[in-house]
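Both of the next two complexes hold chain A, though its partner changes from chain B to chain C.
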Partner chain A sequence: MPSDEGVLDRLVDWVHTTDVFKCVASWTLVPYWARRTPVKPLPGGPHPSFQHGDNVQCMMNLIMPLKVKSPIGRAEAALAIAKNKDAIYAGLNNVGTVHFARFVIVGDNICMFSVYDGDFTNYIRDFIATIGEVFNEVVKLVEGGKKVIPCEKNVEAFIQWVHEHDLYQVPDTATDFLRDQEDLKGDRAVSPVDDDLTLLPRKLVLQLRANANISLGSGYRAYPGFSVAQVRKHLKLGW
Partner chain B sequence: MVDTSTAKQLVQAIIDNLEQPVPGRRPVHTIGVGVKGEFVASDVACTYCIAEHFNGKPVRVSVRFSNGLGGVNQHDGWSDVRGMATRFHISGERGSDLIATTLGEFFVRNVDDFFEFSKIAKREKYERRPWWRKVWDLLQLKIPPRNPYPDETKNVDEGALRYANRHRFAQLGIFQVGLIGAPESYARASYHAVHTFWVTAPDGVRRPVRFSWQPVAGVRNTDPKAVPRDRYLFDELRDRLQRWPARFMLMMTIGEEGDALDDPTKPWPGTRIRVVMGTLTLLKVSEDQEADGERISFNPNRLAPGIEVSNDPILEARLGAYEVSREMRGGCPFKWR
Partner chain C sequence: MINLADLQGNILRGYTKKPHVRYLILEVVDRSAARLWLAASVSGRNGVPQITSGDWGENKPDTCFNIGLTYEGLCALGTPSASLKMFPNEFVEGMTARALKLGDVGASAPEKWPAPFNEPKRIHLIATIYAEKFEQLNEVQKRALPDEKAFRLLGTREGYNFPGDFVHFGYRDNITQPRFEGVHDPERYPDRQPRAPLGTVLLGHPTNLEGLMWRVPHPVALGHNGTFNAFRVLKQHVADFERYLDRAASYLLEHPQGYELLPRGEEEKIGKGPSRRAALREIVAANLCGRWRDGTPLALSADAPDPNVDLTDFDYVGVGDARCPHGAHIRRCNPRGGQIVQRIANNSRRLVRRGVPYGPPYNPDGPLYDPAKPYDGDEPERGLLGNFIGASLGAQFEAMSCDWLNLGLQDPRITGSNDPISGTNDPGTSWFDLPLKSGDTIRLHGLPEFVSTRGGAYTFLPSLKAIEYLGSPM
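== the complex of A and B ==
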């Protein structure tokens, strides 16, 4: 690197890579800028689209914080899933549009990650129509879950509840994340604009303050563009 | 249609922004190396495209890897867009070219945008940012700009950023350029053809597609914190190919209605159908670099029957601009098909 750098140059280049700086900045600069330039949480789930490819293999990343934040609470959640395994699998078969689904416990959250075809609302509607009773067993263990139980009788409220717990899916390209923020603010400006791309790191930090958990990009797909029905048909797996 | 005079202006706009003219050489992607290899289409490629090189028989291939910067000074270790121009030698004297770079999306949509970009993104003095300004950046939760490389006194970074701040369509491409880095090897980078092409299948179905090369050896960049080396990519490639061939998979993404077919600044979603079209095997660095690294001339509009250009204005402009540049440096004439 250039040899004309002084001690302060080297110090500043080094200091922002340290954990101490990151910790101090998280407690001071981040709250300061969050107050100066407030950022709203971005909504969860896939981006709306009419295009075929965007409506197959959609991701749901449902993060549901447990009421009892202890090993006992986590064990209760694990048991609720375990004892209903047959019902869950049978229900998912009946939904018919789910590629993959799994439950995961991370920290004090019970999470459901799934890849499905078609509209999110229809997916959830089908889901609770087939395994609503099982889902009640899980939802009753989750913060705020009481208000949507029984979910098969509170369909719209349950769909909204799931949507609120579904992770914001960051677009595949960094600058599309800015477009999401602009959309949320109603900013539809076209060229010429007066942006400052150097603010991208701050915007990302503040967004991650508002949406602490996110899904990074649309994810890898080995066979993008194909639905469950197409895959099963081509592989002659029956229906 | 982009006329000859516009094509000349395009090339001149590039030349005017060079550190010094390089007569007889390419104005950008000046530093490059020619490589010989072979392409074999996958077993499904011929069901999507009737072009000869997708029929499954091995096709001889010439590839030119390059650094994006214009000028004769070689800076392999600098963060820079790299090029991979490929000629499929189909039967007779014909060829089909595929020109790709490590940049996923372009930063201008058409010729007018390019002229405005070239006015704004001029080479400007580039110095280390003073420490106190870096502190101010950090206080604003910004990442300070990188320090200049050794011998780097000017670049277009500031101007390109000003352009991107005014034009959202340019932001993705320019943001990517800022992060692109330097590959450990020309054989360890992904290359994207950015434009949309139309391919015709044996049943007559035409599909809009975009092509990318993906390295079998995997993508790997050098350590951006290390002192960049100026010359290593040619030797690395020669050594690598003496030991073992290097391979790339040709991936073809199929666009859908509503996708940007004529705008290279807009990416297609990762959810589009993606087909493996074949494998390129690089066998050796050409012994005749004058012919295979310098005089060889590529053009993204030179396409085998079965592949057609889209209405992308940048792709159209490249037809004439590449020819003007080729004439200026005395490259091999453009043989249309």
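== the complex of A and C ==
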């Protein structure tokens, strides 16, 4: 097929792939855009859905910056988890809706990744009720954590704080991402959603500027979602 | 001991002798006039109906009057922003923002709600009048809204308690309510559940989750002894419900294990005459709810309704576990001491329920349901005006609605199914298991949505002190 692409088009298509352009854009263009079109960070956690399958095996990805940014701070965090291992197992058992929980230290962040069933707030609330003191010991090491502990006495604020640290899960389709972006405007959101795909790269860059850490997708499963109890029951482990 | 005079009366009392109920859905017109109105309502000055408290003293009130405020209502009254910030998220966002959690999708989606619920931000205050006689509703309404200085009436909803506490679908309701620690409650039936701590229903008191307290909005006068209410207009598709019972009965008549549900020759025990079909319909209805339509709990009498068994003194352990379906409405809403996945959640999500049917009975001339009556034609709107009251909307009403009623997370045997009565069912995917004595189950399919949401709002039910505080000059 004959191309009617002109020289200028080819230049525009090529220029943004060059390192020089990326460097200049990061320092000048992106901050300029961001000032002109301020973008709020998109909220974390799974996308609200009414499908049963979407409401089991949900992901939580918490990235919590440590107050003490040194090997000492990281060691404190490692010890807080190690010390409470038994309590964590007891909590998993009593809450009953968590598939697994992982604690990871990346840079100067303590990260908690978990896969849980059902509503996020119920999951966190039930955990507060079972092993609130473990949360307190970890969260006191984290920037801004002090104001939400003890979590037992600050249930609503604590859940909100955790939610704010949970990574935004970028949807798998571009239109869903554009819809999320539009939803941020609340009452001013336009309908139907402005789904101009040519704006996608720009919106993604601006969102990633506001929201440095994100989750790509909501976890890819090799099989449909089942709840913890369904798995345990099927494997005759008791639930 | 709690000071009942500081609580709005509808929190702990059912007002059972006042069957006529009207909801006035109001918008604040003028802040100062609305505040004066609130101040007057505490003592019933200037003709404004007096708020009914939980302490009636010697004289029973002729009519009762209570109020709830939405977040927008608190803003419109000029509540300081430091106080507003302390209200929980779900209340601040409002019911329509929580639609997915509550299963308000499809026909129940807030975009389809009729006025005044189509403009949720304008709903500021919902006042409720309870009366013995219908005329009293008008009389109290006139006193409450003599003009449009303080409030504009956006709409009303009205219900009537059918004799015997029956609701559409023909079940007896208003049986179970939590009994509270420290509250003398002679009217209520005893049950095997632990008394609920006061924090289940009032802010500022210990909750059922050990050591946990919900945030009490400041100042103390505003938050303490207040609570939250999920007001719901729930349309019931009664003809669809009865039609479904027919279909299920036909299916069971043919089912090879149908005799396990109802041994031949035992049809009359069900109380619907000798017809096997009629008896099977009742068995299905009983299983969907967890109670026979007369209220008899399946946990105590699974084979037939029995007026002699206790209505509330049962649990889902031992025999009671096997007899009541795991997915039955009352078991999903309150698993009592039975095994559930979220072990610490037993007894923690309890709600005070105050509901009244609206719309005409299915068969006004006789029993609520008459199989001889043709189903077809347009069904008039009818349903339940429900109030689901608890100190935390998130931990109680919403937790129950999303994880228990509509996901069935509490028990792997029902996970992935919705509540058969009030759940957001899709006939293409819905299912419900009827337990058999052998331990097997018969699975029913194709349940449609029997209940759709037609409006509602989250409201804060302030204490009398709080109403006084909100009514003070700014």
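Basically, the second predicted complex is superposed on the first by the 210 of 239 C-alpha atoms of A that agree within 3 Å, B and C clash if a C-alpha of one lies under 4 Å from a C-alpha of the other, contacts with A are read in each partner's own complex, and residues count from 1 in each chain.
Definition applied: a residue touches a chain if its C-beta (ideal position, glycine included) is under 8 Å from a C-beta of that chain, and two chains touch if they have at least 3 such contacts.
The structure displayed is predicted, hence computed values, not measured ones.
Participant: Which partner does A:Ser70 contact after superposing on A: first (chain B), second (chain C), both, neither?
Facilitator: In the superposed model, A:Ser70 contacts neither chain B nor chain C.
Participant: Count the residues of chain A touched by chain B and by chain C, then name the partner with the higher count.
Facilitator: Of chain B and chain C, the partner in contact with more residues of chain A is B.
Participant: Answer with first, second, both or neither: which of chain B and chain C does A:His16 touch in the superposed model?
Facilitator: Touch partner of A:His16: chain B, not chain C.
Participant: Taking the superposition on A as described, I'd like to know which of chain B and chain C A:Gly118 touches: first, second, both or neither.
Facilitator: Second partner only, chain C.
Participant: So, does A:Ser26 touch the first partner chain B, the second partner chain C, both, or neither?
Facilitator: neither
Participant: Under the stated touch criterion, which partner chain does A:Val56 make contact with: chain B (first), chain C (second), both, or neither?
Facilitator: After superposition on chain A, A:Val56 lies in contact with both partners, chain B and chain C.
Participant: Find the residues of chain A that appear in the contact set with chain B and again in the contact set with chain C.
Facilitator: Common interface on chain A, chain B vs chain C: 49-50, 52-53, 56, 226.
Participant: If we count contacts the way the header does, which residues on chain C are in touch with chain A in the complex?
Facilitator: Where chain C meets chain A, its residues are 88-89, 100-101, 103, 105, 209-215, 340-345, 348, 394-395, 398-399, 402-403, 406-407, 409, 411-413, 415-416, 424.
Participant: Which residues of chain A touch chain B in their complex?
Facilitator: Touching chain B: residues 1-2, 4-6, 8-9, 11-13, 16, 21, 25, 29-30, 33, 49-54, 56-57, 172-176, 178-179, 189-202, 205, 217-221, 224-226 of chain A.
Participant: Show me the residue ranges of chain A that touch chain C in the complex, using the header's touch definition.
Facilitator: Listed in rising order, the residues are 48-50, 52-53, 55-56, 93-97, 117-119, 121-122, 125-126, 128-130, 132, 152-157, 160, 226-230, 232-234, 239.
Participant: In the complex formed with chain A, which residues of chain B make contact?
Facilitator: Per the touch definition, chain B meets chain A at residues 105, 128, 131-132, 134-135, 137-144, 147-150, 161, 164-169, 171-172, 174-175, 227, 254, 256-259, 267, 269-274.
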